[in-house]
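Two complexes come next, and they have one chain in common, subunit A, joined by subunit B in the first and subunit C in the second.
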Partner chain A sequence: MSPTQIVFWLLSVVALVSALMVLISRNPVNSVLWLILTFFAISGHYLLLNAQFLFVVNLIVYAGAIMVLFLFVIMLMNLNKETEPQKNKWLKLTGAITGGSLLWLLVSIVRSAGDMQGKAAMVKEGNIGLIDNLGKILFNEYVIPFEISSVLFLSAMVGAVVIGKKD
Partner chain B sequence: MPIQYYLGLSMMLFCIGIVGVLTRRNAIIIFMCVELMLNSVNLLLVALSKMHHASAVATDALTTKGAEGQLFVFFIMVVAAAEVSVGLAIIVMMYRNVHSVDVNFLNRLKN
Partner chain C sequence: MTSLLAFDWFLVLEKLILIAVVIFGSLGVALYTTFAERKVAGLLQDRPGPNRAGPFGLLQPFADGLKLVFKEEIIPNTSNKTLFILGPGLAMTAALMTSAVVPWGKAVEIGDRVVSLQIADVNIGMLYIFAILSLGVYGIMIGGWASNNKFSLMAALRGASQAISYELAMGISLIALVMVTGSLSLREMVEHQMAEGNLWNVAYQPLGFLIFLICAFAECNRAPFDLPEAENELNFGYHQEYSSMKLGFFLFAEYVNMFMSSVIMSTMYFGGYDVPFLDESTLSTNVAALVGIVALMTKVVAFIFFFMWVRWTIPRFRYDQLMQLGWKKLVPLALANMIITGAVILWLQGK
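Right after this comes the complex of A and B.
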């Protein structure tokens, strides 16, 4: 196995195991920490695909800002104990069967798709993921969506303040 | 790296997120599973963008085909950040009203 493959499998195993631990762990704080580990593994995948801009943005925005927001909310509501009651075993089984059959359906569709046969994702090379190229495309062709997203941020900020205000 | 591996990985992450949404009842953990599903789609978009670039660069070495996929990922991250701020505000409001984050208490629309 080449080093690229070793890194790929390592990151995939870390991502899947920590995503499963998000579900399994009873304590919400542990779930947040496992989810941060999942995001780190996905960021590692971005770096392997040479999408360096998205690597940095994923680390700063997801693993940094959003998960800290989750932790703040959990600490504010004093949920860092196992308050979730045990529930119906059959409901869990039904959820697992539903997810598993959806996965089986998706995998069988992809395996029979002719478009994907023999295609490979370019790893460790290609410069489309660098900030030089992405910035040029963003500010030449996608200026209007970029500005609209700033309006979206403003409205989300106002909305969060209005919803969260005590009245 | 074959594209099927990335497809399989992101579909597994997506299905783990779906199972989480279906089986947990803590609203914050359901929200985290939604974030996990968004991230799996992001990974899929980046892998497909690199696949598209690999087939386009064979004919033209200086092409930037495939960069749109990574820009879409950027916009998805922007929307996800806005969504998280509003969603967590809603969860805080819900906790203030019913003193719990169990989604089974939110059944007033049912009757």
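Right after this comes the complex of A and C.
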């Protein structure tokens, strides 16, 4: 195994285990902390693909901003009780079956998609995730979707302010 | 297994040595910053400051450190034990991680090998610093929450909302800086400022620097923005339940943060290891590196003194004033600065 492969398997194990721990832990604060670890592991995968910009933006946006807000809200709501009300056993089983089928569906769609056939990940040599290449592509080829999504964010922000405002 | 061993082992070794030197160097500087803080406080308040341990009181930080180590370690019964221990560790780790992308000097020659004085020259250096900065909140938040004390929780929430608010203005002021230098790599930023005919970035971005400076004070939780540890409202702040070296870690991380933000401000706005009016290319590599490190450290010491000067001069803000300054003054100012910078650059290109 090459060092890259070792790092890949290590990151994958960390990502999967911490993602499972998000679901398993009883304490919501612990769940949030495990989720932060998951984001770190996924960012590490970006780094293996030489997508440095995506790596750091994933950390800034998800680990640095969104998760801080999550933690903030959970701490304020004081959900730190170890004893959460237990759900019905049948409800749990149904949830597991439907969630599992969705996962199966998604994996099979991704595996059989035409774009994915016969392609390998460009480990260490891909350069689309470097900041200058990504910027040029975003502002040349994809400029309209990019602008539309930023307008969407702006309207969501204005909407949140309007809802949150006391009249 | 052969591919596993096909490393440039010398490179690994030199990076490990560099990392060790940088980490212990930062800790050493932070150690003596605590001493300097008390001396400067003494100077500003017309009293001698610590002067008993050793000549001029120089052994005082070691005495303080020993005291902290030998204090009884108390973990409250009602606290969340894992997170209680994790909090100070995270605060310290985040404070030290920033140093990885800072260019401490150009390069030194050992034998016929040129060793770069930067741990990692990544082309997203500035964003990396920004990411680590945004992770610094977790130490405070987790520590404050795990203490299971209402004062600590209040302080932790204050600290987090303060950091989030000021990150925004800081990020926008950095965008204007990137437009001027055209690179996110700290090394290229310094080279750009050193180049013939270019001034330091502070000359092109005075308003951006001012905004960045104010935000740096807020991000380090330094006075006048030390709301998370406002004694008269919150007893002792987020580290109220902590004792012994865990308390020491929290206090110490603040000084490491102060050192790191001084380094970053000197690098980004004040030319880093550049000596004004001196052409470094005329010197030999090793002499240039030494001169560069001395120049950077001089700027850093000046910044640290400024941090302390402000702390012992200006009273603390009220919480609503803090939020108002961040959201209603700094963010619009930073946005205006960004637009003006972009317009001027376009105008200069069009000429």
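Couple of notes before you dig in:
Note that in this section the second predicted complex is superposed on the first by the 139 of 167 C-alpha atoms of A that agree within 3 Å, B and C clash if a C-alpha of one lies under 4 Å from a C-alpha of the other, contacts with A are read in each partner's own complex, and residues count from 1 in each chain.
By definition in this document, a contact is a pair of C-beta atoms (placed from the backbone, for glycine too) under 8 Å apart; a residue touches a chain by one contact, two chains touch by 3 or more.
These figures come from a predicted structure and were not determined experimentally.
In the superposition on chain A, A:65 contacts both subunit B and subunit C. Once the two complexes are laid over each other on the shared chain, residue contacts for A:91 go to subunit B alone; subunit C is not touched. Of the two partner chains placed by the overlay, only subunit C lies in contact with A:1; subunit B stays clear of it.
After overlaying the two complexes on the shared chain, residue contacts for A:164 are found with subunit B alone; subunit C is out of touch.
Once the two complexes are laid over each other on the shared chain, residue contacts for A:151 go to neither subunit B nor subunit C.
Contacts of A:76 after superposition: both subunit B and subunit C are touched. Legend: residue contacts after superposition of the two complexes on their common chain; A:52 is shown touching subunit C, with no touch to subunit B.
The larger set of touched subunit A residues comes from B, when the choice is between subunit B and subunit C.
Residue overlap on subunit A between its contacts with subunit B in one complex and with subunit C in the other: 53, 57, 65, 69, 76. The touching residues of subunit A, counted against subunit C in their complex, run 1-3, 6, 27, 29-30, 33, 36, 52-53, 55-57, 59-60, 63-65, 68-69, 71-72, 75-76, 80, 130-131.
Those residues of subunit C lying in contact with subunit A across their complex are 3-4, 7, 80, 83, 122-124, 127-128, 130-131, 133-135, 137-138, 141-142, 145, 153, 156-157, 160-161, 164, 167, 184.
Residues 1-9, 11-20, 22-26, 28-29, 31-33, 35-36, 39, 42-43, 46-51, 53-55, 57, 64-68, 70-71, 73-75, 77-86, 88-93, 95-96, 101-102 of subunit B touch subunit A in their complex.
Across the interface of their complex, subunit B is touched by residues 4-5, 8, 12, 15-16, 19-20, 22-23, 28, 31-32, 35, 38-39, 42, 45-46, 48-51, 53-54, 57-58, 61-62, 65-66, 69-70, 73-74, 76-77, 79, 84-85, 87, 91-92, 94-96, 98-100, 102-103, 106-107, 110-111, 116, 119-123, 126, 128-129, 133-134, 137-138, 142, 145, 149, 152-153, 155-157, 159-161, 163-164, 166 of subunit A.
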